[in-house]
Each structure stands twice: as C-alpha cells, then as structure tokens.
Amino acid sequence: MIEICNVTKYYKEPGLFSGKKKKVLDDVNLNLDDTENTVIIGESGSGKSTLGRLILGIEKPNSGTITLDGQSLLKPSVRQGKISAVFQDYTSSINPNISVYKAIKEPMIMMHRSFSEEEAEELLVKVGLDGSYLGRFPHELSGGQAQRVAIARALSTNPHYVLLDEAVSSLDVSIQVQILDLFLKLSEECNVNYLLITHDIQIACYLCSRLVIFNSGKVVEEIDRANVSCLKNEYSRNLLDSIITI
Amino acid sequence: MGVSVKTDGHYLINNVSFKLDKGECLGIVGESGSGKSTVIKGILRLHNSKAIGYDGEVLYKGENLFSKTPKEMNEVRGKEMFMVFQDGMSAFDPSARMGSVCAEIVRTHLPVTKSEAREMICESMTRVSLKDPEKILDLYPFQLSGGMLQRMMISLVLVLNPSVVMADEPTSALDAITQRKVLDDFIKLKNEHDSAMIFISHDLGIVKKLCDRVMVMKSGEVVETGTAMEVFEDPKHEYTKYLIDTRVRLSKNFKVLMEGLCREKAS
Amino acid sequence: MVMFKKLLYNPQSVITAIIILTIIVLGILAPVIAPHDPTETNVAMKYASPSWEYPLGTDYLGRCTLSRLLHGIFPSVILVMLTVFCVIGIGTFIGIISAYYGGWLNEILMRICDILLSFPTEVMILAFVGIMGLGLTPMLIAIILLKWPWYAVVIRNAALKYKEKNYIYFSKASGMKGPAVILRHVLPMTLPDIILLASSNVSSTILLLSGFSFLGLGIQPPNPEWGNMLSEARNVILSHPTQMLPPGIAIMAVCLSFSLFGDAVRDAMDAKHISKGIFKSKGGYALGCVTGSVGFGRFGKNRRSLSDK
Amino acid sequence: MVLRSRITTIDKSGFINNKKGCEYNDSQPVYYEILMQGDDMKAYIAKRLLFLIPMLLIVSFLAFSLVNLTSKDPAADILRSQGYPEFTQEMIEQVKVEYGLDKPFLVRYFTWLGDAIRFDLGKSYVKGQSVSAMIFTALGYTMQLVGTTLITVMLFALFFGILCTIFEGKALDITVRIVLYIVAAMPAFWIATHAIWFFSNTLHWLPTSGVGSPAHFVMPTLVLSIGYFTFYFRMIRNSMLENVNENYVLFLRSSGVKERSIMKHVLRNSLQTAVAAFCMAIPGMMAGSVIIENVFAWPGIGRVCVSAIFSRDMPVILGYILFIAVMYCFFNIFSDILNAALNPRLRRN
C-alpha cells in the first residue's frame, strides 16, 4: 500500500535570489492499493509526472509524506526492489552506451544480487523477446522492442508496484495494444500492480480499474472503472466528452 | 494525382495515387514512418534537400505541379493549397509577433495593406472562437497555447480561402480537450467551406469522424483506398483490418463502460 | 560507444589522431632522436641551408633547427596538452557535480565561475607573468586557475541535458546513489562533449601560448620553444625570411590536426544528442579557441533556458 | 504521437511550462506569463546593474590581492623597477612611506579602491605618470583598432556567412571553409610578421608599424580580424543552417512566402546570438589585441601592459587587469540586456 499524504511540491525558479515558486502539486492525498491497478489521468502540465517522480523517490516533496507499507519512500532501502518504473520516451529509457543485458542487470547491482544471463533471457522471453537481444544496443531496437526491454528491466527485481509514466503514449496504436496486453499478462504472472500515468482515458480503462483524475496539481476526482460514465466534476466531464472513439 | 518521392534511387514513398474532388475530405492514415506527411510535402515540393527527387505527376486543375517553376510554385503554395502543420509552436517564427507573420502571409497572396490584412485575420479569428484577436496578434507564438496556434492556422485558411487544405496531424500534439475543440473547428471548416481537404492522422477515430474518403498507407505504399464507410466497416486489406482491430480493442473497455451509461439513461 | 566506432572508420579522425600521436612520441623521444643539442651553437654554420647534417638548416647562431623543433614539442605541445587535460579534469568534476546536484551548490559554483570568468585569459596570463616573472610556468598556472570555470560551465550545460533522461531516473529510482549514477551514466554520456572540447581547446591554447612566447614572456632563450623560435626568426626576416617557416608550419600542422580531429568528433556525435543548448554553446568553444576569452553572457542564457528548476 | 513527447521535453526545459490551470476553456486566451515590457525591462536592467556591485568588489579585491600579496618585498621591487641596482634599508623605508606600504593590507585595499572609484589608479613606478592617464591615452588607440576590427569582422562575417548558407555545399562554401580552417590554425603573429615583410618591406605599400595615417590601420585591423572572423563566420553559418531547417521556414515556404522574405526571418533569428556575441567581442578584443599591438608597435593598452611587465611596474599591471575585468563585467551585462531585448523568448526570467 502506497500512501500519499498532503503532498505539496514547489519548483523554485532558477536564480540565487529569486524567491518565485511554482506550485506543481497542491496537497495531494492518495492511497494506492496493492490489489488493483490505478491510473492517474491528467493533461500535460498537470503535475502527474512530478507525482510519479515523487513516488519513485527521485525527488523530495516540499511537505507531506509518501509511505510504502508505513515506511518513508525516501529511503532507498525501502523502495529498492519493490517499486520500479517504465517511462514514456523509449529513446531515452535505456542508456545508449550499454547493452540490453547490462541495462536489465542494473537494478541488481544496487541490491548486490547476482543475475545471470539465463535469468535475463528468461525475463526477455516473458516480455516477448528472446535471448538474442541480450547483446544488442538500444539504437538497434524499435520503439516497441525498447519498451519491452524497459519492462523486462522493471520486472527484474520482482517489484510489487510498477509505475508506468505514459509508458505507451509514444508508440503506434497497434503496438500500444500489444504492450498493454503484455502488461495485463504480466500482472497475473508476476503479481505486480501498475500505477499508470497517462493523458488517455481509453488506455486507462484498458489497463486499470481505478481512475484518478488529476488537474493543475490537484486530485479532481477518484472513481472506479465501472462508474467512469458517472464522473461529476466539470473538468472530468469535459475530458470525457473530448474522447473520440471508433 | 500520382506522387512518388525518392531519394538517391531509394523510394521514400512509391506509386501513391489518389484523386481529390472539390469539397471532398481525404484522410490519410498510417503508422509512424509510413510516409504520410512525405506525400503532402511532396505535393507542395517542400523537400529542399537535393538528395530527394520526385517522380510522377501532381495534376492540379489540369496542370502538373512537378513541372512548374519555383516562382509558379510559390503562387500555388498558400493561395491554392494551404498546409496546416502539426506543431504550431515551431511553425511560427519564434521571434516575430503573430500579427506580423500572419499579415505577411496574407499580403503575399492578396493585394491588401498591412492594416487591412490584420483586420481580415482578426475577423476570421473570431470565427474560430479566438477571443481578443487584437491582443493575440501582438503576442509571440511561445506565449500562446498549442490549441490557439492551431486555430491561428485555421483562421489563415479562412482568410486565404485556398482550394485545398492539407493538414499534417494538426491535433496530435494537443491535449485531449483541446484536440477535440480543434477537431470541431476542422469539421466546421469542412462544412462551411468548399475547399477540399487532405487530413493526415494516425488516429483512426479522428479520421472516421472527419473524412469522406480514407487512404491507408504502410511503409511508403498505399494499402487501401475507399470511402470512409467502406474502409471502416468492411476493410479489404489485412493491414487495414489489423489497424482497425487494434484501435477497436483499445477503446473497447471504454466504449462498453460508456454504453452502459447510455442504456441507463435510456431506461 | 557508437561514437568511437564512427571515429575509427572516419579517415579524418584516424589521420589526425596519428599525426598528433606521432608528434607526441617525437616530442618525448626528442633527446634521443634529435641530431644535435638544441642549444649547441656553431657560428660558422649560421643560416645554413638544409643538408644531411642539418636537415632543416640552422638559425642565426648556427643551431640545428630540426633539433630545436623536436625539443620544442615538449613545452609547446605536450605541456599545453597536459595543462588542458588538467583544466578539463577540474572543469568536468565541477561541471558535472553542479549539473547533477543542482540547488545551492550549483548556484555557488556558478557564481564563482561568473566571477573568475570576468578575467580574460590573456589578461591573467599577463598578470601572472608580471607577478611571478617571465617563463612558461606562470602562464600554465594562470590557465589552470582561470580556465576551469569556462570548462565547468560548458560541461555543466552538456551534462544538464542528460540529467533528465529516463535511464537516470530509473537508476535513481532503483536506489543508486549520486556518485554511482554519475560514473555509470552521466560521465560516459558527456565524454564525447569533453573530447570535443579538449581537442578544440588544445589548439587554441597552443596558439595563445606561442603568441606570448613570441613576445618574449614565455620560455627564455636559449631553450627552444616554437614561439620564441619565431621571435628570433622575426629579427632576421628581412635577410632570411625562410627562418620563419619551420616553427610556423609546425604550429599550423599541430593546430590543424587538433581542430580537424575535433570536427570529426563533432560529426561522430549523434546529431540527436546535440540539443539546442549545446549548439549555442558551440559558439563558445570556438570563441575560446580564437580569443581565449569567453562569451559567458551567453552561457548565462543557456543556463536559464535549460532551467534546473 | 512522437510529437507529444517532444512537447513534454520542451515543457521540462521551461519553455511553455506556465500553463495556467486547465485548458478546457481554450477559447478564452490563456496568456502565458507576459514578459517584461516597459517597466519590467527596466526592472531587469536595474537588477542586473545591482548585481554588478558585489561582482566588481570581488573582482577588484581579487586583482588587488593577487598583485600585492604575491610580492615578498614590494618596496624593493619598486626600487628595482625604478632602476636602482642597489639600495639601502633607509631607501626602502622611505619608499614604503611614500607608497603607503607600511599600512595593513586591508587599509591599503580600501584606500586603493576609494581612489580607483575616482579613476585614480596610482602612479607608475617607472615613469611616475598617473596610471589612469596612461591607460586612457592608450585606450584611445586600442579602441580605434577595436572599432575598425569590429566593423571589418561584422561586414565580412555577415557577408560570407549569408553567402555560404545560400550556397551550402557548393564550391564557394567549401573553399571559404577550407581557407578559414587553415588560416585559423596559423598564429596571428606569424601572419602579421609575414604581412609586414611582404606588404611593407617588399612591396612598400603599407607602413610597417606605429600609428598615424589610415594606412597604418590596414594590417593590424586585418590580422586582428582573422581570428574573430573565423569564429563569427562559423557561428552565423551554423545558426543560419540550423534555422533554415526549422519548421517555421517550412511553414512560410508552404504558405508561398517568397524566399527573400523567408531569408529575412532566418536572419533575424540567427543573428540574435551573434549580436550579443559581437558585444562580448569588444572587451575580448581589447584583451586579445595584446600580441598584435606589440607586433605592430601600436601604442595601445596591451603594449603598455607588456612593457610594464618587463619593468615590473605593478600599479600599471594592476590598473590594466582591473580595467579589463570591469569592461568584461559591463559588456557582459550589456550583452545580456541586448539579448533580452532582441530575443523575446529569453525575457521570461
């Protein structure tokens, strides 16, 4: 269970004496269950990615706490191996200088765990690739393949939670569906929960059962997938109306 | 018209042929790298690299655009065929005010003074529901939102009144709500104007909503052409089926949930 | 690492690298391979034309020009290279630290850089020579003390564009500590920028220092150095204009090799990796080359536009 | 969908990050924080100028302590620089009192600073002249040289920069670039010496050195220009080529705007950086002209400083350092302001 309590985040404008602050997250309260997949829906600039970075412990909140099973997430030992992430931009999600095997192994180094090539190969097979990819470099992969490698890397520590920061947004629709199906499959196989961050309600409904609508740094509405048609807030209604289905 | 664009003997797009009638809206769909925007850039001969050459012909009002001189081409561009770009933020000169760039484009084609051009733009801006046009024209592009910039381009279309509007993914860089509003503007433009339109998008939903005819492209070649009805209801080619199928699957959950609502409302 | 492969297959970088390496080796082996003692005078043979004994002829005191050229490599090229590497080491350290950690540390380091950058290199070289006396050492000290902020700012800008990459976020999220992330990701990614910087700046520094030696502020005669060889040749330019050629051509060849090598590195750097920010500061590289001074006003802007929250 | 990712990156770098709230009432103009206009610009200038004061204090302190703390026995140095080969303790004491060297360091610094603010930089040990007078006389000559060089560089760099952008990849472009490559690798003084030998001593067209007639300007100006020309040429060419491939050029072209008008847009965008850099070149040239001034016996500040170094004339060296550093600070701020005025995107902060 990840609990986000009264989290506020400012960004200071650059400059030694500049006191200007920009509020990105404003008193956010959220509980993320470990039984269902949750999605945070918001448009660009709504602060949803910042929230993602806070949950990953990359940045510190200015006030409020984020805890995992009661322990603060800011300690690397608490989050190590339990929370992982897949990011949006597949071109930068793997360091272009290192091979796929090294990339997948990376989280293990920090946990001082050994990780053989066989285990890596097993993981790759799980995400729909094969062992021949181990020696490849990121620039030799297509978008979908790179994202699969990123997923394998995220799963290598058997995490409870995987944060998907717009993980499929920059892919073509057909590949989006493939990757989303992979997520669903892996969720059962590896017993992981997803926290998806996206701007696309259709993707959200595809993968997640709980929806959190996010706007200008605030949680606007929380709702179960089954009730998505009953959103009340004006912003959420607008968002819903703007969806173009086929 | 038929277009082929090749670079050093290697075809970027090959043997693309289509016909566009007056007032018709053609949607070009395909995944990234399928050569969608290369087609319309090719029609206007916008590839300025020497390595890229053209084959075939583009017949516009009986004249072949590929055999025109650059000067004649400049008269076609903008006045006859106007292109709406996907990213408004980079499409306008970053260090010029909106008003000066727009007026310059208008004055290239219409014999009007600066202030007249400005008035014309203001007038068409109110038609695409941009409020306070005078103020917007005094701003720089980076001070406007993506949706507003996209509408600025639409209002330029309204002023110049070209016969063909070509839109290159005009909504894909926008947020969902803005995307919807800009799409509505395009639908309005299509209904109220008699210009023909080529609309490029990777989103089948948008194309289905807007276009009369659809052309599906895959790695530089046309896979299927037909009316929107035909293509979406009864796709012939495997690839089209695959594209539509994945798109339907993606929105399936959402659609089911939303239809639940409709049924509830009905009962 | 793709970049190094590209460099290996580019004749421009291979040839220039070979030239540079050869010159370094020649410089190190100079005491062994030089045909004469560079300070040994032979007045009877002054202004001799090239011969078997004096392959490049002799100067106004009858000293062997080739030997003087070879011995001049050490102060003119090798010492300068070592100095530039030293400066780049400091600059890289400070630049990466300040880019990666940001916050007040970054502010303080960058303010220090701002202050040190308001002393142009030429002026500080003059000042150090003025205070510590004539010679090469004060010049090199001045360069080390004054140039690092310049590199720090440029490398900081280079590192900033990698700071927000997803693989760095991932490493941080999986609990990797700052120094490890820097060594594993940030430093290897900035390496091409650093090499580019180094190669283009060695040549500018060689030119700068030879200029001061030419004025007689550097290595004092009779010790050979390319700059002061030119200065001696200049006195007799009316009667023996060819005396200017060997050291001048040597300087030119070395500088050309370094800048061509730098260009090959720039070509090899994936265009996608060069963000707008570094494009602008590229102007800065060249400015440094030519004048030894910095348009740091413009770096200020890059710093702001690549805002580090 | 690639575009979306691009927008986000722009977002991160602070370009369009000021979205006010949500955008669902998009028909209402969402004015992103409007930049400084009028008063804001004044406030910016005031802020920058205010920042100058601590900067100048630190710079002057560094310069002063550098010169004063490194000398073990400044009084002996003074005597030596005045040409006394031997001196007694009495003479040293006398000199100490005369030059105020008996006072503590900080007191001396503040006295010197107080004088420096009134443009009094002390007296030369060697000539006994006022240092500021020496610098200002020499500055006149240096500024003449810098002025002519700046104009030459601007004209040539613009001309060739634009020409080579238009003819990119053609013979002209390639020739100019190869020539510049080679010229940039030659030491300026080497070119200068050869120029003197060729144009003055062989052809007798131009005077060898010194000042006086317009003909005296030709060689120093051209030689000093070479280095800067290479730099600005490359800079203008690079930024123009970069701009030519921007989307807005494609948009203008697709709208049928004439190539000549498009070129104007490209020029305006690519010259923004160049103009600010030209501004920084002025103090850069002042400092960088040292070698050329000495080769051509040009009586500018660089020559004054070098001769002061040979005679260990500390007040002159100190005055020179301080003067150039102050110039750097001023021009730096000036170029920042100029840049902000020219480039609306930068005014945001």
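As written, the chains take the letters A, B, C and D, and residue 1 is the first residue of each chain.
Just so we're on the same page, a contact is a pair of C-beta atoms (placed from the backbone, for glycine too) under 8 Å apart; a residue touches a chain by one contact, two chains touch by 3 or more.
On a predicted model such as this, the values are computed, not experimentally measured, just so you know.
**Q** Fewest touch steps from chain B to chain C?
**A** 2
**Q** Computing the C-alpha centre of each chain, which chain sits at the greatest distance from chain A?
**A** Most distant chain from chain A: D.
**Q** Give, as an integer number of Å, the spacing between the C-alpha centres of chain C and chain A.
**A** 45
**Q** Just how far, in Å, is the C-alpha centre of chain B from the one of chain A?
**A** Once rounded, the distance between the two centres reads 33 Å.
**Q** With chain centres taken as the means of their Cα atoms, state the distance from chain C to chain D in Å.
**A** Using C-alpha averages as centres, the distance is 20 Å.
**Q** Using the average of all C-alpha atoms in each chain as its centre, how far is it in Å between chain A and chain D?
**A** The answer is 49 Å.
**Q** Residues of chain C touching 2+ other chains?
**A** 304, 307
**Q** Among the residues of chain A, pick out those that touch two or more other chains and give their numbers.
**A** In chain A, residues 13-14, 43-44, 88-89, 172, 238-239 touch at least two other chains, as defined above.
**Q** Which chain B residues touch at least two other chains?
**A** Touching at least two other chains: 32, 175, 177, 181, 202.
**Q** Which chain B residues qualify as touching chain A in the complex?
**A** Residue list for chain B touching chain A: 31-32, 175-177, 179-181, 183, 202-206, 208-209, 232, 242-244, 246-255, 257-258, 260-261, 264.
**Q** Quick one: which bits of chain D touch chain C in the complex? Just the residue numbers, please.
**A** 12-15, 55, 58-59, 62-63, 66-67, 70-71, 181-182, 184-190, 193-194, 196-197, 201, 227-228, 230-231, 234-235, 238-239, 242, 273, 276-277, 279-281, 283-285, 287-288, 290-291, 294, 305-306, 308-310, 312, 314, 317, 320-321, 324-325, 328-329, 331-333, 335-336, 339, 345-346, 349
**Q** In the complex of these two chains, what residues of chain C are touching chain D?
**A** Checking each residue of chain C against chain D gives 114-115, 117-124, 126-127, 129-132, 134, 164, 203, 207, 210-212, 214-217, 227, 230, 234, 237-238, 241, 244, 248, 251-253, 255-256, 259-260, 279-280, 282-283, 286-287, 289-298, 300-301, 304-307.
**Q** Which of the residues in chain C come into contact with chain A in the complex?
**A** On the chain C side, the touching residues are 1-2, 107, 111, 165-167, 169-177, 180, 184-185, 188-189, 272, 303-304, 307-309.
**Q** Which residues of chain A touch chain C once you look at their complex with the stated criterion?
**A** On the chain A side, the touching residues are 11-14, 16, 53, 56-58, 76-77, 79-81, 83-85, 87-89, 91-97, 103, 106-107, 109-111, 137, 139, 153-154, 157.
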